[in-house]
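In the two assemblies presented below, subunit A is common to both, partnered first by subunit B and then by subunit C.
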Partner chain A sequence: MIVRRSMVILTSVMATGALTLTACGSRDDKGGDSNGGGGTTLTIGVDAPLSGENSTTGLGIQYGAQIAVDDANKNKLVPGVTFKLKAFDDKAQPATGQSNATTITGDKTAVGAVGPLNSGVAQSMQQVFASANMVQISPSNTNPELTQGKNWQTDKKRPYKTYFRTATTDELQGSFAADYAYNGLKKKSVYVVDDKQTYGAGLAKIFTEQFKKLGGKVVGTDHINTGDKDFGSLVTKIKNAKADLLYYGGQYDESSLITKQLKGAGVKIPLFGGDGMFASTYIETAGATSEGDLATAVGVPADTLPAAKTFVETYKSKGYKGDYGAYGAYSYDAATAIIKAVKAAVDANSGKVPSDINALRSSVVDGVQKSDFEGISGKVAFDQYGDTTNKQLTVYQVTKGAWKAVKTGTADLG
Partner chain B sequence: MTGIGPVEPVESPERGESYDVIGADGPRLTDRWSVWWRGLPPRVRRATLAATAITLLAAGVLVPRALSEDQHPQPDRAPVPWPANVTAWRYLGPAGLPEPPGTHPTSGRFRFAVNVGSGPPVTLQVTGAAFTGLTAHALPDAFTVHPGTTRLVTVEITVSDCSGLPLSADLPFLDVTLRNTRAIQHHSFIFGRAYSRDLFRLLRGACATRSAPQPGRPSGSAGSQNAD
Partner chain C sequence: MNTLPQQLANGLLLGSMYGLIAIGYTMVYGIVQLINFAHGEIFMTGAFGAFTVYFYILPDGTSMALAVPLMLIGGGIVAILIAVGAERFAYRPLRGAPRLAPLITAIGLSLALQEVVRNFYPHADRAVAFPGLDATHDIGSITIKDADIFLIVAAIVCMSALAFFVRKSRTGRAMQATAQDPDTAQLMGIDTNRIIVIAFAIGGFFAAVAAVAYGMKYGSIDYRMGFLMGLKAFTAAVLGGIGNIYGAMLGGLVLGVAETLASAYIDDIPGMHLFGGGSWKDVWAFCLLIIVLLVRPQGLLGERVADRA
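Up next is the complex of A and B:
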């Protein structure tokens, strides 16, 4: 058969090509660590809260990146290079994140970093990575300022060319949530609470502006501190305000307790939040009181992404802790973008790892900017601000004890 | 998942094949083929028909045998993508000529480019335009976009009830039902400032002027001077 003969020829050509490439590959470059097999080891840092508050989603980021690194090594995505993941716990604290960024950039085998989870932590890390000309890709930061500058609503300006993200922004998330609350749920009066953090306060502000524009009424606002456990006085205020919806900008740690105490006081209104509370832990902590609560999250449901199926199976089979549902796939794609950029740099250097780590880091920044591949969360590419071009998001609602998608959307803001 | 997964068996994504989409990218392949064929000399047409008949006869004999000989398993095909994950909308601008000054139409037409990246053809139907009080539909209602192609589509939006309509908002969207051999999905396509500006120009024209002579009227139909 012609087809069979063609396949034999094609296979021979590919095998010859692969051998040629392997022969050209560097075995003794100075960039990165030389490992026992004679190849080069390059490090990818990952920073997220791995203990304490926010760690459910933080661990999902760590292990999402870990699976990407394992896949790249197993498939020899960059011949002659072994990737190693080094995870750092920022405890959701900006100062710790900044210290971790300094450690990562000080590692002469490090070519890039994935993370952090929190927008407020990212603000403290961006300058460190920019100074080292090292790429940083967050799978979860949603505050618009990180990529588009402080005046993003009127004059977008990219602050750091080394910073990218695979998650879409709160401009989209907050507006979509407000529309669903007003037009979908038919809620007309809302009480808005945030945790005073960069992410939470920013998201609550965007939601509030859009809800008002749509004709809704904000009957009260308040702020809490991260780590708070007793929300009795807040619950009383919400009850007296007679709101028919509570919108919360912040993380699941606090919102799961707020909804529990709210419903416990007989205030049977749904709590609506952002991706920061889209975690299995929210439902586990709040129990039955979470029924009917809502959250927006970046991307579309994982079960509509065929490429994510293997990732989910691997995550489960490895017994990794944390929740992959919110950002795991986006972390996988962030790490893969770095790895592919390393491959481009090696290919452009005649198959050798550039010996100067600074030159390699610079090439990786350029390579990530040019990313264009099908990841497990969809297409991976970045616009001129470092934002993902994949602007999908989903509204989830707790139904029978699980997050269920109730609305999906895709934005084209061009 | 609620509102996401298949809501009915998907038999044929090609329903509505006879529609015409305003501003489609170019003539269909069959149209181009027909023009080319009519341009050939009669002798060439006869020779081509004879050669085609012989080729088909040979294929009829050889292909079944070849298929029976080559029973090797085929490599895994890529799974059929969900339609919302391969479909993209881009706003192009208002359709048609600008309205004369002083006129306040209650409906407007807007142009979009709809692309399907991969997988089987996707059939789309616009079902809404974000706000209660607006109706929206594509011209025609349902249209199919084939993978790897972009079709230009016109959507007509009509203001049916001004009460409760905002006169400005960010990121308005179209609600669309998408259907391919994998699933039927209800999905929103969200647009940026240009669409927001053009849509709210229509809404303000349709509603602001009509409510002005009737202060205090809680609601009214944009298409009628009569109170509801």
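Up next is the complex of A and C:
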């Protein structure tokens, strides 16, 4: 009897666990109130890390797209069509992203997808979307290979015509950072660390090349594993190398711990990173030790854009979780680009939604390529590789416990 | 600057933490031959227990001198309850079952605990900032933080107390007897179920001590922190000789130092640049494990035990 009863308890514990697991798969069915019966409902997928690592910025992407969809429905942007957003959690893992992409493309009402956050995840998703001829717009991927091919430095070639992004590339971001480090901060010897991921390693490489070209010295390099917590050994090496700046290619999960342990060991040099660590969580985790650290991010600060003001207010008033600061506005524009392309397709089909989903998807891809409108993050248009024509970048510095923009401009690749 | 003393200190500190967690694996294995893969999650819940005490129970501005002991108690209670609960409800019903059954249960329990914390603890779906002990001290060429001192003192005190308990106390001797032969021990009047519960409780408490040290050292905790630490601690227990408590601590220290030195110095060896640095440290640590197990399959301090399966 005792055995039986404890088995019951065990089973209920396991069942609770299983239920919570399934619960997170279906948490997103609340978006998009249906307005007007008889209309067509079209789905837009959004894929980003919504739990665990990177989830602060990931949630910013999800809700940025959510607001775009809500706005489109409210303003009846495409008459007769109600858009529904379906969110997928990729946990920052390529395999999960790929399976999400398969689910999205398998949905017969889906017309396009926003995301993912991570370049490494995007690599595994591109082929899936290309095969389904469905448009995918990332608000945050910065790795140049995604749009310009493996040999982007010598021979640019677009691998997938269904892939677009509203963020600019690391080629510009890394160079912009190197330029600011050398000319703005007057740092001459840098220690470069990356997390070996597509995004982090790529960014660190571009930074290193540009920093050397400018005349700076790289006094040491190291690579870490994502998920690591103890950087004691790395910190001692940096201390010994007498660097005056640490450049890190990767996400805030690791860089916030690195800066904390670095300064804890008495090494008072700033840590400089890319948009992957531009998140409020970085400051929350690293606390006072993050003061003076820097990060580049794509675009101009969301709260300085007049058009983004309503967006920021809506985001806050809805009480959405996550951080809209990094990519929220880009995610909004990405979703809007898809919606506008749907509108173009409907208009071209004499005001009716094309009944063949494949035909619709195909014309949405063409429509996005021809995008040309004023988004909330600036002008939204794509070049022949699917890259945004908006090449603005901003350097942020932690000042009194908050990210503060210190320089905005476009990268000079000269 | 000679960095060796600092790197050794880094390694020993990391190793002490592995060692404290490894005790839980090794004690449970020594007595019931069960690899409790949920132990890493018990470590994680200990950290959240301690954080709950600090953040939700103590008033703001409590001095750390007062908060740390209370956090240890709070974390300890949570970790012990979960460890003992796991034993009572997940492992005991499977005591006579084939070995694979409790092993799978342990993995399931580990996932369940992670998901419960992620879904039900406020804001636990991302890193939670933990109060740190960040004041630093320079001893010769070594810089260490208060949290490091706490860790080293805690490891020494816990290890000595455990050694004393196992050797001298009546319960400790009963524990040794149960480890040797549970059936005969029971015939001699030892309540083996109680001994097993005590083993789980001690393991849980040690994990909570390590968790508090972890939180104060790294300044943040998250629901997945137990996975990697648990894996490393399990490795440490095997390296030292699973079933042997001194082996667990020694294994932890060896693993910590090996990892740290590998990440610090391998890339200075000519021709090894590609295989050095922080990203290769786990590779070298596991190479060490393989070599030790080839030469001494029973682990550094282990004794060859007859297979009872």
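Everything below uses one rule, namely that the second predicted complex is superposed on the first by the 374 of 414 C-alpha atoms of A that agree within 3 Å, B and C clash if a C-alpha of one lies under 4 Å from a C-alpha of the other, contacts with A are read in each partner's own complex, and residues count from 1 in each chain.
Heads up, the rule we're going with is that contacts are C-beta pairs under 8 Å (C-beta built on N, C-alpha and C of every residue); 3 or more make two chains touch, one makes a residue touch a chain.
Remember, predicted model here, so these are calculated numbers, not experimental data.
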Item to complete: For A:337, select first, second, both or neither according to whether it touches subunit B, subunit C, the two together, or no partner.
Response: neither
Worksheet item: subunit B or subunit C: which reaches more residues on subunit A?
Response: C
Discussion item. Between subunit B and subunit C, whom does A:262 touch in the aligned arrangement: first, second, both, or neither?
Written reply: neither
Worksheet item: Which partner does A:285 reach: the first (subunit B), the second (subunit C), both, or neither?
Response: second
Item to complete: Please indicate which partner A:253 is in contact with in the superposed arrangement: first for subunit B, second for subunit C, both, or neither.
Response: second
Discussion item. Tell me the contact category for A:236 with respect to subunit B and subunit C: first, second, both or neither.
Written reply: second
Discussion item. One more residue to check, A:228. First (subunit B), second (subunit C), both or neither?
Written reply: second
Discussion item. Output check: A:204 vs subunit B and subunit C. Expected answer is one of first, second, both, neither. What do you get?
Written reply: neither
Worksheet item: When the two structures are overlaid on chain A, which partner does A:52 contact: first (subunit B), second (subunit C), both, or neither?
Response: second
Worksheet item: Touching A:213, do we find subunit B (first), subunit C (second), both, or neither?
Response: first
Item to complete: Residue by residue on subunit A, keep only those touching subunit B in one complex and subunit C in the other, then list them.
Response: 3
Discussion item. Give the list of subunit B residues in touch with subunit A in this complex.
Written reply: 1-4, 66, 69-70, 78-79, 81-82, 84-85, 87-91, 130-132, 164, 166, 168-171, 173, 183, 185-193
Worksheet item: Can you list the residues on subunit C that touch subunit A in the complex?
Response: 1, 3, 6-7, 10-11, 13-14, 88-90, 92-93, 105, 108-109, 111-112, 115-116, 118-120, 125-127, 129, 132, 134, 136, 138, 143, 145, 214, 218-220, 222-225, 228, 259-261, 263-264, 277-279, 281-282
Practice prompt. Can you check the complex and tell me which residues of subunit A touch subunit C?
Written response: 3, 6-7, 9-10, 13-14, 16-17, 20-21, 23-24, 51-52, 55-56, 193, 196, 221-225, 227-234, 236-237, 239-240, 253, 256-257, 260-261, 264-266, 281, 284-287, 289
Response to the item:
Contacts from subunit A onto subunit B in the complex sit at residues 1, 3-4, 171-172, 175-176, 179, 183, 209-210, 213-215, 300-301, 303-306, 378, 391-392, 397, 399, 404-414
